[in-house]
């Protein structure tokens, strides 16, 4: 468990007997480009099927805010957020989509998935 | 049968010999956050394939209004509305989608499904 | 053949050797609620794969207008329009979608399908 | 000063030497129809030029929430919110626009203005 | 007072000391073309500054519904609705905009205004 | 009176004692470029305040269709339609806006106005 | 080969070893209703996987323009364009979608497909 | 007359006795940043009231294309296009709006006007 | 001149003899709420008529980025950006509009203007 | 390796053990029509699942800019960009979609796909 994942709090899934989907859309994510030092902006869309645990919304907001002054690349930060959330929530399924604002006239989307069955 | 489901009235499905889909979209759902006491707002989208019974639209509106001053979490209220409607209508299929307004800069969607075949 | 279906005229499918799709969208459907006497408004979307016959567009408009002062429920009118058109056109496939305007803050969609293969 | 206006907090206008405009848009206003008891929903748009005082945003949110279970008509509530805010802030100019959701197939907008010069 | 205006009910303007604007948008107006007998559809936008009286919303809906099977031209019906409402409400200002659906590939808007000062 | 204006039929303005506005939007106008012979497409927006006469909608449609195979430039056709309608209707005010589709990557709008006072 | 297909020019597919999709959207198609003589307007969407030949864009425009004064029904013209293009291009796959403007308050879409495998 | 304005061709205003407006919107303008050498992209909106001359559309397209590989700043190019067109057309009024795509997360609009009266 | 305004670079207005408008829209502004420590997000729209100087776009971006970790209120930051830019550019006219994202369900716009004539 | 592909730089995929998707949307692509010499404009959408390498965003921008003054057809340029990127990145999957602006009233989309498995 790293510094950032300590920020994530959970609560018990109220209906673990059923597969259902939770989607949280956070349009105010910002980090810093490690190469240029300029800020990057993205919308982070988290979609998951909970097993035992759900992520507490306020703690998830603080977790995302903790990247504000970190220097990290698009591909790396998207994979890291998925890995952190999978590590804490151990969900049945999770998808993390990061839609980055235009840089040099080009906008980018990174889309990472996790499925429990594949891991076993 | 709980207090709320007593509000739900039904009428006989006029074409039970055929599978067809009914979708009701209610953009004026509001309940209260049990933690902060602040109001939450959502659009509730109900989609189902009726078996013997259809839900009467006005009674469904009163049922949804009955949550106005209840303190209940996003995940719990979405599962509860599905369970209440499945209990009363006993449909062939039902999906309940709740799209909650932004809280702390993050909007949320909860999506719960029921299929008769899975239950047997 | 009932009073309404007599309004429906047809013409021979110019390309019966090929499966292809015809969609007619009619946003000006109105009937009357049998309970309250108030008018209901809907967009009727007809999609079908013709066999021997296509529906003549003007006669289809008159057919839809004939419901103007009829008292009939959402679910019943959608199933009836499908049944009437299937009876007259005997298509390979047909879908009827009725999107009803908001009533009591709730909008409704009814979606009914017919496939020739299922009937045999 | 009534019960509701006690909820409103203010802070000193940081630039009183200049006329400038502040607009707060609150899409989650809800009150109750005094006739039918059913909930009403509106977006409240407040636009004003401050004199000595600005309204504190969180206290304004609590003020709007205090109408949640009040029975009050569209025209009356819009005029009351303007009067309450004018009484507390004593602005150079204020406009209050309330956009109410569809009721019986009809949506409504109420638009009320106050100008200091007119009052003198 | 004609048959239709008897449908219109009023209530006292709660703030007659102040000029303010009320807008009611009714997208479900329908009448019949006196030439062809086919239905016409329009959105009716009523904007007014009340003097002593406001129009009661439900009675205004019934008034609009009373045109459902009347044969009347675009220009005539728009002027008539304005005249009826001015006669009953005696407002300081009123504008009636009727946006008619496409007929023969052409959509039409009729826009009629009344100001008390002009009449005197 | 030229060949085209003979197509235009009128009916008496039902409310000549009042200034009011009529807008007809016709998105299916097409003529031919006199230089290249290729078809041009435009939306024609007619806005006018009638004096004694209103234009009959169906005849106006036929009038616009009569340009279908005429070779005529953007600026000329827009001015001609205004002149023809002013000649027949003798309105208090008229504006003709023609929005032409993209040609060579450039779309064009021509906007011509007539006011009775200016003419006297 | 009929008169119209002689207008269609082709060029060799630069990458025949690979399946890929070409979509041309032409929003300015117009023909004439054979019954009423009034113009019809449509957007023609051509999607295909080329085999040996691609359609030259300018010649395809002239081909579509050649229908300008032809009297032909919705269903027939859509099937004819597909047949003409299949005859000239002999593609691996082709879909022709024609979206016709509103007539009598009803808009229509005709959707025709061709697949080489089915033909063999 | 510079090299670029030689590209601009004109034709006589068919209705010089009347003030009317012509708007040409060209979304495919591109030039090069003189500092970085990277391409800039803009939509150029030309609005004018002609005196004796109108700009020929094809020649205007060639004129705009002539900037393709020129190094020139946003503010300078917008003023230059206005000056070139005023010099050639000598219009009664002209406005040139250039909407530049996002650079470094910031989009820019330059808006320049000319009026004959001001010049005298 | 404070620390931040040192970041702003200028270049000579290429057309000072003419009044014209420059608009820069920066949707990626972020600062920190001084009360809660949470990040705020806004779109900053700068509109001005230059006198002798224009703001260099890249330096303006760096200037806006310098607020990233500053704790400052909505009203104060909007007035400060206007004052800083007026101090450096000494424009004929300037307007600064800051559109802040939703906080507690309420979005805010602050709109500040400066005109040279008023100052003298 | 041709002149253009030398412009493309790569960096190691930070998560090669997992299949995930990267999408870069570049709306500012421009080349020249080899037949007419006029510029073409397109939005280039690159979607891929990386194997060992990711494309560096700035170098990809320079690569796309290198087509600015090349004469090349729609179908050819789309296939070439895919081939160049597949050659350099050797991805698990790649799709290249080019959406070209309207030419002669017709817009075009070219859609090319590559899958590693098919190649073996």
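Just so it is clear, A, B, C, D, E, F, G, H, I and J label the chains in written order, and each chain counts residues from 1 on its own.
Definition applied: a residue touches a chain if its C-beta (ideal position, glycine included) is under 8 Å from a C-beta of that chain, and two chains touch if they have at least 3 such contacts.
Since the model is a prediction, treat every value here as computed from it, not as a measurement.
Novice: If you match contact pairs by residue number, which of H-I, C-D or B-I shares over half of them with G-J?
Specialist: H-I
Novice: Between F-G and H-I, flag the pair that has more C-beta pairs in contact.
Specialist: Looking at F-G and H-I side by side, H-I shows more C-beta contacts.
Novice: Please decide if copies subunit G and subunit J contact each other with the same set of residue positions, more than half shared, or with different positions, and reply same or different.
Specialist: Mostly different residues.
Novice: Indicate the whole-number Å distance between the mean C-alpha point of subunit B and the mean C-alpha point of subunit G.
Specialist: 46
Novice: I'd like the Å distance between the centres of subunit B and subunit E, where a centre is the mean of that chain's Cα atoms.
Specialist: Comparing mean C-alpha positions, subunit E is 38 Å from subunit B.
Novice: Can you compute the centre-to-centre distance for subunit D and subunit E, using the mean CA position of each chain? Integer Å is fine.
Specialist: Centre-to-centre distance between subunit D and subunit E: 28 Å.
Novice: Just curious, how far off is subunit J from subunit H if you go by their C-alpha centres, in Å?
Specialist: 33
Novice: Can you tell me which residues of subunit C touch two or more of the remaining chains?
Specialist: Residues 27-28, 41, 101, 105 of subunit C touch two or more partner chains.
Novice: If you go through all the chains, which pairs of them touch?
Specialist: A-B, A-H, A-I, A-J, B-C, B-D, B-I, C-D, C-E, C-G, D-E, D-I, E-F, E-G, F-G, F-H, F-J, G-J, H-I, H-J
Novice: Using the touch rule from the top, collect the residues of subunit H that touch subunit A in their complex.
Specialist: Going by the criterion above, the answer is residues 41, 101-102, 105.
Novice: Which part of subunit D faces subunit E closely enough to touch in the complex?
Specialist: Against subunit E, subunit D makes touches at 73, 75-76, 78-79, 103-113.
Novice: Per the contact definition, I'd like the list of subunit B residues that touch subunit C in the complex.
Specialist: Per the stated touch rule, the residues are 13-15, 18-28, 54, 57-58, 60-61.
Novice: Quick one: which bits of subunit C touch subunit E in the complex? Just the residue numbers, please.
Specialist: The contact residues of subunit C facing subunit E are 27-28, 30, 38-39, 41, 65, 68-69, 101.
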